[in-house]
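Chain IDs A, B, C, D, E and F follow the sequence of writing; residue 1 opens each chain.
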Amino acid sequence: MSDVLYDDLLRAALREDLGGAGDRTTEAIVAAGALGSATAVARQSGIVSGIEPFVRTFILLDPRIEAQRHVEDGDRVEAASPIVTLSGPLRSMLSGERTALNLLCRLSGIATATRRYVDLVAGTRARIVDTRKTTPGMRALEKAAVRDGGGRNHRFGLDDAILIKDNHVAIAGGVAQAVLAARNHAGHTVKIEVEIDSLEQLDEALAAGADSILLDNFSIEALREAVERVAGHVPLEASGGIDERNVRAVAETGVDIISIGALTHSVKALDIGLDILA
Amino acid sequence: MSDVLYDDLLRAALREDLGGAGDRTTEAIVAAGALGSATAVARQSGIVSGIEPFVRTFILLDPRIEAQRHVEDGDRVEAASPIVTLSGPLRSMLSGERTALNLLCRLSGIATATRRYVDLVAGTRARIVDTRKTTPGMRALEKAAVRDGGGRNHRFGLDDAILIKDNHVAIAGGVAQAVLAARNHAGHTVKIEVEIDSLEQLDEALAAGADSILLDNFSIEALREAVERVAGHVPLEASGGIDERNVRAVAETGVDIISIGALTHSVKALDIGLDILA
Amino acid sequence: MSDVLYDDLLRAALREDLGGAGDRTTEAIVAAGALGSATAVARQSGIVSGIEPFVRTFILLDPRIEAQRHVEDGDRVEAASPIVTLSGPLRSMLSGERTALNLLCRLSGIATATRRYVDLVAGTRARIVDTRKTTPGMRALEKAAVRDGGGRNHRFGLDDAILIKDNHVAIAGGVAQAVLAARNHAGHTVKIEVEIDSLEQLDEALAAGADSILLDNFSIEALREAVERVAGHVPLEASGGIDERNVRAVAETGVDIISIGALTHSVKALDIGLDILA
Amino acid sequence: MSDVLYDDLLRAALREDLGGAGDRTTEAIVAAGALGSATAVARQSGIVSGIEPFVRTFILLDPRIEAQRHVEDGDRVEAASPIVTLSGPLRSMLSGERTALNLLCRLSGIATATRRYVDLVAGTRARIVDTRKTTPGMRALEKAAVRDGGGRNHRFGLDDAILIKDNHVAIAGGVAQAVLAARNHAGHTVKIEVEIDSLEQLDEALAAGADSILLDNFSIEALREAVERVAGHVPLEASGGIDERNVRAVAETGVDIISIGALTHSVKALDIGLDILA
Amino acid sequence: MSDVLYDDLLRAALREDLGGAGDRTTEAIVAAGALGSATAVARQSGIVSGIEPFVRTFILLDPRIEAQRHVEDGDRVEAASPIVTLSGPLRSMLSGERTALNLLCRLSGIATATRRYVDLVAGTRARIVDTRKTTPGMRALEKAAVRDGGGRNHRFGLDDAILIKDNHVAIAGGVAQAVLAARNHAGHTVKIEVEIDSLEQLDEALAAGADSILLDNFSIEALREAVERVAGHVPLEASGGIDERNVRAVAETGVDIISIGALTHSVKALDIGLDILA
Amino acid sequence: MSDVLYDDLLRAALREDLGGAGDRTTEAIVAAGALGSATAVARQSGIVSGIEPFVRTFILLDPRIEAQRHVEDGDRVEAASPIVTLSGPLRSMLSGERTALNLLCRLSGIATATRRYVDLVAGTRARIVDTRKTTPGMRALEKAAVRDGGGRNHRFGLDDAILIKDNHVAIAGGVAQAVLAARNHAGHTVKIEVEIDSLEQLDEALAAGADSILLDNFSIEALREAVERVAGHVPLEASGGIDERNVRAVAETGVDIISIGALTHSVKALDIGLDILA
């Protein structure tokens, strides 16, 4: 992803942390010309994501900082594994530490959780995908973290695919009417998915020509029945209440896609520290 | 908090979700003039935070939307409790739903977790505080959520207090030297806290005149010893590896402040939905 | 489209015209308190597009201005037809005139040209669509103008569909390889179109499972042959060198989609003036 | 022109095309490390303008891209002439292609049209100038393109000169009153031009001391009469309904300046392609 | 001046003062719902400027605040004169106070100093004008303050007039060459002023056809000689080392314009306070 | 201070001066490829501040410009002392001159005035500090200039310390109540200062536990009395009506801090010129 897509976010984050007075502590204690190095080191096992925005944060703060990457996004690290080593002005490394780690730990947390789900469904046809339940302003980075974890991305926003949800179905007066309206409106480059909440709506969705069908809060049995009925004609997506305990069972029903909002709405940051060498 | 502090974030979040083509689904299915109402409803019990940015998101999208607030930030809601009801153009309510909920669920998740910690230490002198481990661009809102949950805020950034950490101590050549350098540099409006990692550094920190002392990764026994030695002369802050299981024990040592990064770096969103009435 | 998507553009345009010193002429001649009205009037026949950004430009300049719309986007106007009437401070109407008209004339020019193409292919199955050859910063408004003219939108950007072009095919080593790589990469919400430049590639594209096929610079005979071979299995798009003289012939080959870059890259502004009543 | 004046526009254009998900096609098909070159090549004859923003677009996307310029802004190119050759990461060249070409083709289209008008009036004293009928946000680049085509610029905005138009004359109560008011208001660095629509107003405009006079929609005969009467005391500008068919006749009346809105409001993009070598 | 020209500056100023944590003092002490009023009151005699940005600052902070203006920009106030009274939420009035006063005091200081100079040259033909020595980001407001003080504006920037300075003359190889180059480059809407530093250059400047001549650091005698020689053919501007002690003598030489950088580069803020009524 | 904190200000200042048309004079007269050097030279004695933003302004305009610094921020220069020498494209040095000097002269003026005050109180315990009466958008740079002059900074904004002023005391119902409310609200990292306007409030302020006390508009005798009573238990700050004539007397009362709004609200720019060598 080009810097041009996230530089504004990183600048805002740096300004947020530096405020007007800057890093008072570091300016009080560290000499202006002092050089040093700093290595981001995993404190626990996980999947790394966000190395480029991590490095870029320091470079925006001080273009004299240089970086040596030890791993790549998507790689697994173990506790004590080095991720990236920076060298340059010591003050800038201390002042950028928290802002850069906040990004790296969060994105690596997303990648790590995604990888756990991906591993849990290994051997099935199910792909783990994210949702639009992302942090305001960080969607592109968070969706990249899902990919780094081995997941796939659902649509990026309201604009890049049609997803007909229960409210839309109700307003349109039924699944068929909603899909038809969507088909008439959308150009030839846009896919149409429709969310249904019962098996009764399944045939209607199929007949209406949806490109894929989201089965919302279906029981394992209902999912299995849906898979059987659809017989591979369109991809089926399961969502709603899926967590690490039941994701395998869901995957074994034969659905194609399992979407999990918690990947991005309830992130556990990966513990990564910055070891600074003055 | 004035809108002027977060409008840019909300606009960026709206643009991120709407993209260039806008909400294709809603435009295909919902008539341009249709009116309706929408109520944010808790799907689980928790503490609400973020009502104003939630409402503001919709108003930035469409100034014709009006809001009726049922609770206030900091209130506890139960499953099925209404939080705020919007009325106005139906299309705008559907298009703003996800962006606004992403904010409200995240902030309420922070407030809810904070309240759990606050309740766990009830009756002790310990206050629960946050850290700078916040989401890039959202620090002010996340720290407000901590307050809504009954917690207090640690410093907002590198600029509004001095916090001397282990790296600074090492560079300065000792706790006393670091505090002295900070004292010489800082104006009379700035407090100085110093982080120590052993009881050996405690007397030095006290003697150097730190305004407060952060005890990093101390055992319960060491914390108790520190509290006894300091005898209330300066506030003591415990941090490092504190979670819901051990926070009570930490609080009972008599420390004044317990800081918990997970409040903001590992948030579990509160489940809140938007019930739309066409 | 919500204001939130184009307010930045309108503000930049106003600042660009007002500069630092503002409207020297109007300030010299028109009294500060003078009121008046102003009507945007078509000077030639065409399709209107951009009424909302036109009005919004004036409101951003001066919130006291009120607007009465006489027609809607997509309506045909004849010479001397009123489009929208503003009333309020005279100075602001004079100062906003050129910026607002620049938008309205350009967007209406796009809608008018689109309508001519749509009329030319009336009765065939072909839909007129735009391309990404839009003015930097104005894509969403220009694509809305194409819709106002009765056209459809091709993809909005590089992100909302996959369009494999000749360079991609060359790099991938063939149409089949390219489509396969795209299929593996894209999530289930993304459509894949592939551009081919000879009938030889058609079977390969079909076999590879492209969702649609772009026939670039095909002769009328080759287009007809392609339509026959594909027999409706996927939509076919014709592009390249199509103008008002040959678009009917292209449409009569039976292609589903005709994309025309000139709709947005070579716009003839619709002549609309602002009649001001002091 | 310094980058600082248009970087924001280029960044907005890149974000507009890349959206949240970026260039899905290229990421699916082109290896991350692949290098290549790309040459912007004219597909038709014309005058080039916009080489620097074209190159800068790629550099903002990826600073590793390097450029070799074959011609300069203002040079004539023939079909198949190379304009600039880029080398660097192949992905970035594919992803930036459309955004950069949209700029270059539009600006070169303006320069080319301007040069046609300039050539048509060659040998007369008339200079071809632009108007404020430019694309929102692109005025400085479009006015530079007019200069590259051999034209001159009229005022840049409402702030850098006074141009009294018919509405101002009506409000002021006459040409003399309007010029007087302008003279009283403007500092010594500001020129005053007044638009008149009949010969009757000419003497009044001269007597009032306008620095130049705009003859709006005058017949050829009336222009000739005005030139004779003014006898070179102030520059005369002709405008209104001037196109390639009648511009020579207008120029031969002896007017000093001919302003043509269509130079920027009705641009025909110059056909330039990007030949990519993987 | 429309808000659209300075809202960004006011928002930046509010964010600068509020920081991340906002107005801690007011939030600690003033109840959220408390209402009140606040009157900006002059503490010394002077000319007011900046009432609109003063009011707008509060409205951007809190749209519920209403304002009643007692005087207008350009009016003289005496110590204890009320300028504008605000009413609304007490917290917002306290939090916006300093940011809004910083603007009002500075701009009124500029207007007041300008008026002193204007009064000192009363009865002569000399007009007091400003320079480009303004505060970064505040030029339009500061130049409006000069007008409010009865002064005129020199050019607003490098773009709205040509001012040939000593370096340009040296590079061009002489006054005549410089003016000629400027004349060839500039369109018909642009005036050309040339700076000279000796009477020897005066005839050359006149002969070259400069629209006005800047006499830099001329003695009173030399100014008088220049006025005599030029005999009203072009406006003459005096600059350099002019202050309140010698401005009258300069004006009495007969020059048309006296430019004074100190009007904006060395401002003494007018003392204005905010009297708050809880 | 990192560039990231002021680049937006510098870009806005450059755009403000360049406008749409850029530096017409320089483009008319100076050849595009011409190189040269330029040295910022003090025209009077003073303390320099702002070298980095001065240099950065040129680099943002043209990254080919290189700088050699002769002194550092905080150094004293005499008339004719060189401060920094730039080399690179001549056009860019001429075009950036005024914008860059506006910054450097203003900031050096602040540093110089500060140094005068600091020298005047030499040998006493008093420290000279600034206030929040800064120029909108320039606070961080202006406060850095105060430090370069040997002064200290008071709080940066409403957010980084609590300063209870007369209005707050009145609303709270007394000094003790106000300090108590502040103590309850503020976290452990925030200092509390309270402003009092009579000796009667002094004991109350001390008893309430304020971290420091601001003595507003106290007579010399009252200041001396306050110093005696407080006996070093908390820092005492004097403010109100302090200027170069009386600052020594104030300092000799034994107060710890003297805050002076005029340091930033009534700046006299230091005279610095740019000597350009073509």
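FYI, contacts are C-beta pairs under 8 Å (C-beta built on N, C-alpha and C of every residue); 3 or more make two chains touch, one makes a residue touch a chain.
For clarity, every value in this text was computed on a predicted model and none was experimentally measured.
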{"item": "Partner chains that chain D and chain F have in common", "value": "A, B, C, E"}
{"item": "Identity of the chain that, by mean CA position, is farthest from chain A", "value": "E"}
{"item": "Repeated interface matching C-E, over half of the contact pairs identical, chosen among B-D, D-E or B-C", "value": "B-C"}
{"item": "Chain centre separation (chain B, chain E; CA means) in Å", "value": "44"}
{"item": "Mean-CA-position distance for chain E and chain A (Å)", "value": "51"}
{"item": "Whole-Å separation of chain centres (CA-atom averages), chain E against chain F", "value": "22"}
{"item": "Sequence positions of chain B contacting 2 or more other chains", "value": "16, 18-22, 95, 139-140, 153, 156-157, 159-161, 163, 190"}
{"item": "Chain contact topology (line, ring, star, complete or other)", "value": "complete"}
{"item": "Interfacial residue positions of chain D with respect to chain A in the complex", "value": "11, 14-15, 18-22, 60-62, 92, 95"}
{"item": "List of chain F residues in touch with chain C within their complex", "value": "16, 19-20"}
{"item": "Chain D-facing residues of chain C, complex", "value": "9-10, 12-13, 16-30, 34, 90, 94-95, 98-99, 101-103, 105-106, 109, 132-140, 156-165, 167-168, 170-172, 178, 181-182, 184-186, 190, 262, 265-269, 276, 278"}
{"item": "Residues of chain E touching chain D in the complex", "value": "127, 129, 152-156, 159-161, 163, 187-191, 193, 211-212, 235, 237, 256-257"}
{"item": "Interface residues, chain A side, partner chain D - complex", "value": "1-2, 4-5, 139-140, 143, 153, 156-157, 159-160"}
